[in-house]
Amino acid sequence: MSITTTEKKTFVNTLKSNSYGKSMVRLTKVDRHCTPPRWKEITVATELRGEFETCYLDGDNSKIVATDSIKNTVYVMASKHGVDSLEEFALIIAKHYLDDYAHVAEVEVNISEDAWAQIEVDGDLHPTAFVKSREDIRNTKVSMNRKETRIESGIDNLAVAKITDSEFSGFIRDSYTTLKDSSDRIFGTKINAHWTYNTQSTDFNNAYETARKTMLKVFAHHHSLSAQQTLFAMGEAVIETLKDVEEISLTLPNIHRIPFDMKPFGQENRNEIFVTTSEPYGVIKGQVSRKK
Amino acid sequence: MSITTTEKKTFVNTLKSNSYGKSMVRLTKVDRHCTPPRWKEITVATELRGEFETCYLDGDNSKIVATDSIKNTVYVMASKHGVDSLEEFALIIAKHYLDDYAHVAEVEVNISEDAWAQIEVDGDLHPTAFVKSREDIRNTKVSMNRKETRIESGIDNLAVAKITDSEFSGFIRDSYTTLKDSSDRIFGTKINAHWTYNTQSTDFNNAYETARKTMLKVFAHHHSLSAQQTLFAMGEAVIETLKDVEEISLTLPNIHRIPFDMKPFGQENRNEIFVTTSEPYGVIKGQVSRKK
Amino acid sequence: MSITTTEKKTFVNTLKSNSYGKSMVRLTKVDRHCTPPRWKEITVATELRGEFETCYLDGDNSKIVATDSIKNTVYVMASKHGVDSLEEFALIIAKHYLDDYAHVAEVEVNISEDAWAQIEVDGDLHPTAFVKSREDIRNTKVSMNRKETRIESGIDNLAVAKITDSEFSGFIRDSYTTLKDSSDRIFGTKINAHWTYNTQSTDFNNAYETARKTMLKVFAHHHSLSAQQTLFAMGEAVIETLKDVEEISLTLPNIHRIPFDMKPFGQENRNEIFVTTSEPYGVIKGQVSRKK
Amino acid sequence: MSITTTEKKTFVNTLKSNSYGKSMVRLTKVDRHCTPPRWKEITVATELRGEFETCYLDGDNSKIVATDSIKNTVYVMASKHGVDSLEEFALIIAKHYLDDYAHVAEVEVNISEDAWAQIEVDGDLHPTAFVKSREDIRNTKVSMNRKETRIESGIDNLAVAKITDSEFSGFIRDSYTTLKDSSDRIFGTKINAHWTYNTQSTDFNNAYETARKTMLKVFAHHHSLSAQQTLFAMGEAVIETLKDVEEISLTLPNIHRIPFDMKPFGQENRNEIFVTTSEPYGVIKGQVSRKK
């Protein structure tokens, strides 16, 4: 230890806030003793807030739970308690730190889960072989302190598109506007939705599947006058369908499919040939709350 | 045009080979007039070989089809001919250049396709709304010159895992070996398989789905003594099932799930808690050919 | 427009918040008429908050600036005003919407910039040819409403490592701890730092380079007892060096290099052979504020 | 071991080729005992070809070097021999397998290296602190069997752009052409170049830096009538400059910057405002050989 660091005890400025933890802790959990066996792959990030100032200011680590131990805790807790749902597992991890360490004030646990399904062979589900079944990702964020617990769960990257029942017209025309009105455009997006629960004990797995189905149904059925309108309709439907959901935030990137101009080639584009784009994209956000 | 470039006509070295083209041409093709309507998203790369030396040596572009025109050609061909299968569409594009330009000697067309499905609403498929349904990617590479045409089609990134019926033992033990024999390990991989057809006219869409199903079935059923053995079994099964397939190449990354050591924590890991890894990974390759 | 949507005017729930805009608007700006000419590549995201409820609730787009127009605005503003610094350009864009539209309440503009430099040829800088010169990314976020303007600028992904003067010991040892104390470990991270300015007119380009140099200097010189301690030292140094900076937030992933166990191979690892990892990683965060 | 697999000894089809190995083995190598100390981060992939058929056909692993041992070998070899250059290290690894195992017929070793430099502090280079200094990646592929050894080294992802001295005109105009001639376009690309050596003992590190500088110099100076012409000029210059290089293959994606149409906004675009694109992109390939 060099002299310079230990001597430096007075600071000109202030440590306003701080936190630390371990990210990208990846766990494969097999349950061999249920029927059929289960296969789960999750990724866990744990973040602690508390009385860690002396570590930042003086390099005194005596109150630091090593991030390596935070990693170990994930595997040990999975072994002890299983991983029934992301939400329950996150609650277990968060509670552990508040129970064991008085100087930890708040814990945030983020977990995401890849979707796997049993492989279908000749119409039957094989009990011990699995295939990655969706590109969209389920996740949860549990924030817990000694006063309150917040569970925000969601889905990311659920790519959808509809080829009819989507318009966009009547928007502001100013000197920066070149877009024309459209009464029949492609509407393609990736649904990112995160909702808070008003309870800590519900069937989180079932709620997730219900929310996913509900949003897909509304997206399919809604006659969209704007991405914004469809967003609200999806949010409202989730709240109506799931009584345990208090609030839902949606972010819908508008992933444009641009009609390819066929005129130079002497053909007509009957709204069937599009340039698929990845950038730039629109971003539509909205938060829908249960009416009190 | 500066003097230096036009004067330079003698070269010390040789242009041994050359090619050029356009990559990442992304197309959304909607077929509104069939029942149900169809939605396809593909990405096309076209590469030309031929008499282009004067462009490389002298900057003479008179024999160059601009890559911008190559891009346009994709959209125009999709409009004229539709996109029934990747393979048929690639053949149309390749043939176009050989038909129109005597100085084009060879064309390679690579196409990949994202998997989309109609959204299921209350048990029914919605006709005009779609959801990205798989993470794995279908693709084809058509290489055509005036003597022969080669169609190599395949699948990439089909993630699978099995929790039983996988062993690995009896391998070489030398001074670099620390791995122990395993009679029951997780076998997780991403299937990447590419096969050649011995015909230019078959039901390519059906062949693709059959190959995918066949590989999943073998992966699920096979009692694996090594990833290599499972690879061969999968390749053989595809050739046996599809008479139009001549040869298949498989690449299986061995994506390791490493048992988490529970001993320091006073618990036993009953082969249920694993560290999921992304690197390093094993790579197993093999090519299976139809016996003449 | 279908009847169902226009009739639906009563909603059970509440639109609590909303915003929308355009992301990933990518601009290359060349200044040919200065010496030497300049080359800039930036990516812009603009987000608007305001009275857009009727769009979400009723599909009434009459108050919506189309995201396509938001994209156009970036290019037009770059042409009119140039892009001297990310911060000034973001201020121009944000102000535009508040000036032109009374119903827009708040604008957030995020801009990032790739680092390019003139190509060095035989010791001289070539005036019109450029090379991507850094992997780290400069960025800014300007948030403006009619009461206040906040400028938060920063750097992301500045990868650094030091091979001495880094310790980590004396941390909590509990039943989840297996990590040993280290008096000489590799410290590798990617600096992500974002600071707020207490002014809207300073030499932002110079401030950025000074902040980057200052953090690199502290990282190199600091005798680190923990990543946390080095984080605070870096933050304090930036505030001390730049009087226009009010507050700085740092996020340091601890990208572990794990000593490879040479014992099974009859060799000694003299702290020179490491497994480079990408996951899991520690995350250390802290916010340093100027003392009032 | 189940009966089905061990019984299956006759196969309908043929294992035409096979190989296996370990990829993404990441190594940080510190040399503390030279002045200044050195820091290297490389990623190694090793692939073996040989008599492995019984593994594929029968699950007999007795000739298999486990990929886990292949991973260990990288770290042990780095400890024994150091990593002076990618090429020398790859040669050591490849030779090891041919020396130790008669049934291994061929080894391919791919290594890539991230570019790190000492941190500059107040004009001096700090001896023990490093910063990632380039986005482009150095790499090598060594292929060795008992008859011959091939060393192909290169650079990937070296992003460059020039704002003058680039034309493209006189290309074929057919019914798919909409692109206009340009006498002054942006030329932006990412240089990917791979060259073979005609020797196994040269100063590979110096050769690499010379090749990189030479390509940057030609790119900057060349008056380009097409990307193809510049590609050839770059390849020729490398061969002329480096007598140990026999052949060089270049792949230049043409990363388009498209002039933004200012007319709708009543302004003129004086070739200064461009839409930066990532897709689609042109791909220009060429191989230049030393004249015999």
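Letters A, B, C and D mark the chains as written, and numbering starts fresh at 1 in each.
Everything below uses one rule, namely that contacts are C-beta pairs under 8 Å (C-beta built on N, C-alpha and C of every residue); 3 or more make two chains touch, one makes a residue touch a chain.
Note that the coordinates shown come from a computational prediction; the quantities given were computed from them, not determined experimentally.
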item	value
Result of counting contacting C-beta pairs for C-D and A-D, higher pair	C-D
Far-end chain from chain B, centres as C-alpha averages	C
Rounded Å distance, chain C centre to chain D centre (Cα mean)	30
Gap in Å, rounded to a whole number, between the CA centres of chain D and chain B	21
Mean-CA-position distance for chain D and chain A (Å)	36
Numbers and ranges of chain C residues touching at least 2 other chains	26, 72, 76, 165, 176, 178, 264-265, 278-279
Residues of chain A touching chain B in the complex	26-32, 37, 39, 41, 43, 72, 75-76, 78-80, 116, 119-122, 126, 128-136, 158-165, 186, 216-217, 219-221, 257, 260, 262, 264-265, 267, 269-278
Residue numbers on chain C that touch chain B, as the complex places them	175-176, 178, 264-266, 278-279
Residues of chain B that touch chain D when the two form their complex	1-2, 4-5, 11-26, 45, 47, 52, 55-73, 76, 100-101, 165, 167-172, 174, 176-179, 222-229, 231-232, 235-236, 239-240, 247, 253-254, 278-291
